[in-house]
């Protein structure tokens, strides 16, 4: 879990994903010599802060976002959310240099308030203070959404073949994500017409921690029935544990791909977490195992 | 009206449009031998569940969506709307195998509730129970929005020339429609820069049943004035009855085309209906005639 | 200010931008003979009502929208907003032929109401009555948003080099703007991957009239940190006065570019105004000077 812990220490709210990108680039360059297929990396000019990791001759796409929720400091210590940080808790936030501040959510005024008597620099950005731990069954940390998926993909990378993994930006900001750009690149260069969305979802009364990664049959978006049925059948055949999720709200990079100008199928497959977008998110270790198993199985078969 | 009745029996909520597509493909293959121009059909790989029906060398585009509103069954018999089914009525719904259930809208809780003591399979989809009838002046059925437009296009197909008809998907789901993908294909392959949106609108105090198909001057989107003026002038010249609609809300595939990355004009022309998205929609026969007349006139002249 | 006054007299709500386009085309054709680089104009077929003004071999993009807020007359004298006209005032509106009518905002019913006993033609469009004046420090007029930016660009045009200026449409209508189309054209033809958004923002407690044009670090969208830091550094180096804006709401053509399928950076730089979208908007003359200085400096260096 050392790799995951490192990923969860990176300050990367939407707009500052380059720090996760740099980490992944370094990791791949340092570790990929013995992988079954050494991936090519596409990033830099023409990619903004996005990153493509391409194994062999890709027939299947996976997308995982690199950004987290957070805050922009406005004038007068205003805390402007980046994405949707979980409300209703008191927590410590930090900026890119490690300076910290305590904040709480004011339920009357419906806004985040600074507790400390300090002045935040207008325009500075803040994310939850890193705080990583592992218990017998659970991993606890901010940003498991979505560093867990980044981690999972690096962990199965040594066995990945003929797959393109897109690390995306701005997913936490409704309808601002660069998923459409990445989907376009993947479609035009490798004719990728199906993308698995590696992301983290919610534990609910019906989707339970420990019962396996969730395959989402719908959220605000609805994957094409022909495609989702095929995926569910394949995962069933894999023998890996999984759950089916049916949600009325929530979206992902898949929402942007669905609305894109490309005929690309998508489906969300990811571990459920407790306290989504909160300062401590919790995921069951069995669901991480399940996610790893499902992606390993699907990526070489789709 | 036999053809329309058949179309209205198809279970095709957003995500399951393939059933309407298959019906249209079969119909065209069985009937087009004697048409003035036998259309080419584009569908399957690279098209998701969409369908293009191409007559001659197209200069004009028409778009009609194939999906209907409906419900996804969640866990615990939750009824999650697909699109916006009309609230405030008690009705029978059915799944793809014809199993039925009675539901009503709970105005207090603002949600749909199952009346029967049965268990809906999580992930299964439901649409209004087919119930088709024709009176002296009206046709009554669920899904007139938008099977009526599909029907209209098949009816005028024998005379259509140099037109591309796009049958689209996911229109009922706000901003998830594949209209942008289809517009892109039409623009890139045939330089189509104007698309008529064949869809069904609402009877209001000002747009009346029986007064002709409505040309919409605006809804949430606003077509370019130069284009809408030209279309209105042409329809006026055609001698076919019509009405002008000016709405502050509501959208269509045209909204997606307006927001697309392509310089394509669009305008909504369609019959108004009573009880939109309800279990029984009603359209005046004269407005169907008007719609047919307008499209027949415009498609060969634009 | 004669040129600005003329621009502010043009009736051009979203959908009728062709009148501003025609004005700019005429102006450029009449005045560009002695400019450092005579620009090429792209408009007409394939551009809807948009316009590209291309200097030399462009490496930098600027975008300024041509449309204003306004009203569509519905049936029964209903006033349907085009974009978001400022509420809470009584004002005179006029149509394209100069016919006028007095209107006020009904705070109880949350809608605009006609005061005069006349009948508005359904489908006709209305904008604020022109009313232009200049005081010692301020310019006052409707439509400073965004005719001021169009004016600014025409004023610095004689010195512009290797820049493409895009005059866009439908910006006032949320998510309907053609910014994505223009960004695509600029990217594909000239590999433009950075666009400055020339538009007008709001005077607030922290962004003051007279303190310089505002560089927006964020609104609903967040520009990429690497890019916004670079721009702020450059403007700092230019010696031109400026302010930093940090907003939680509001969008611009930049929002559409951020959500587009192209890897294009954007940042909003514009003068703040009092009474945005109102019948009289007010901008400080020093902020116009600042805006001119910043664009002149950046366009030749980016």
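To keep things simple, chains are lettered A, B and C as they appear, and every chain counts its residues starting from 1.
Here is the rule we use: a contact is a pair of C-beta atoms (placed from the backbone, for glycine too) under 8 Å apart; a residue touches a chain by one contact, two chains touch by 3 or more.
From a predicted model like this one, the values you see are computed outputs, not experimental measurements.
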{"item": "Copies chain C and chain B - interface residue numbers shared by over half, same or different", "value": "different"}
{"item": "Superposition of chain A upon chain C: rotation angle, C-alpha, nearest 5 degrees", "value": "120"}
{"item": "Averaged-CA centre spacing for the pair chain C and chain B, given as whole angstrom", "value": "36"}
{"item": "Two or more partner chains touched - positions in chain C", "value": "175, 260-261"}
{"item": "Residues of chain C touching chain A in the complex", "value": "175, 193, 205-206, 217-218, 220-226, 244, 246-248, 255, 258-263, 265"}
{"item": "Of all residues in chain A, those that touch chain C in their complex", "value": "14-16, 18, 45-50, 72-76, 78, 80-82, 122-123, 125, 170, 173, 175-178, 180-181, 183-184, 256, 260-261"}
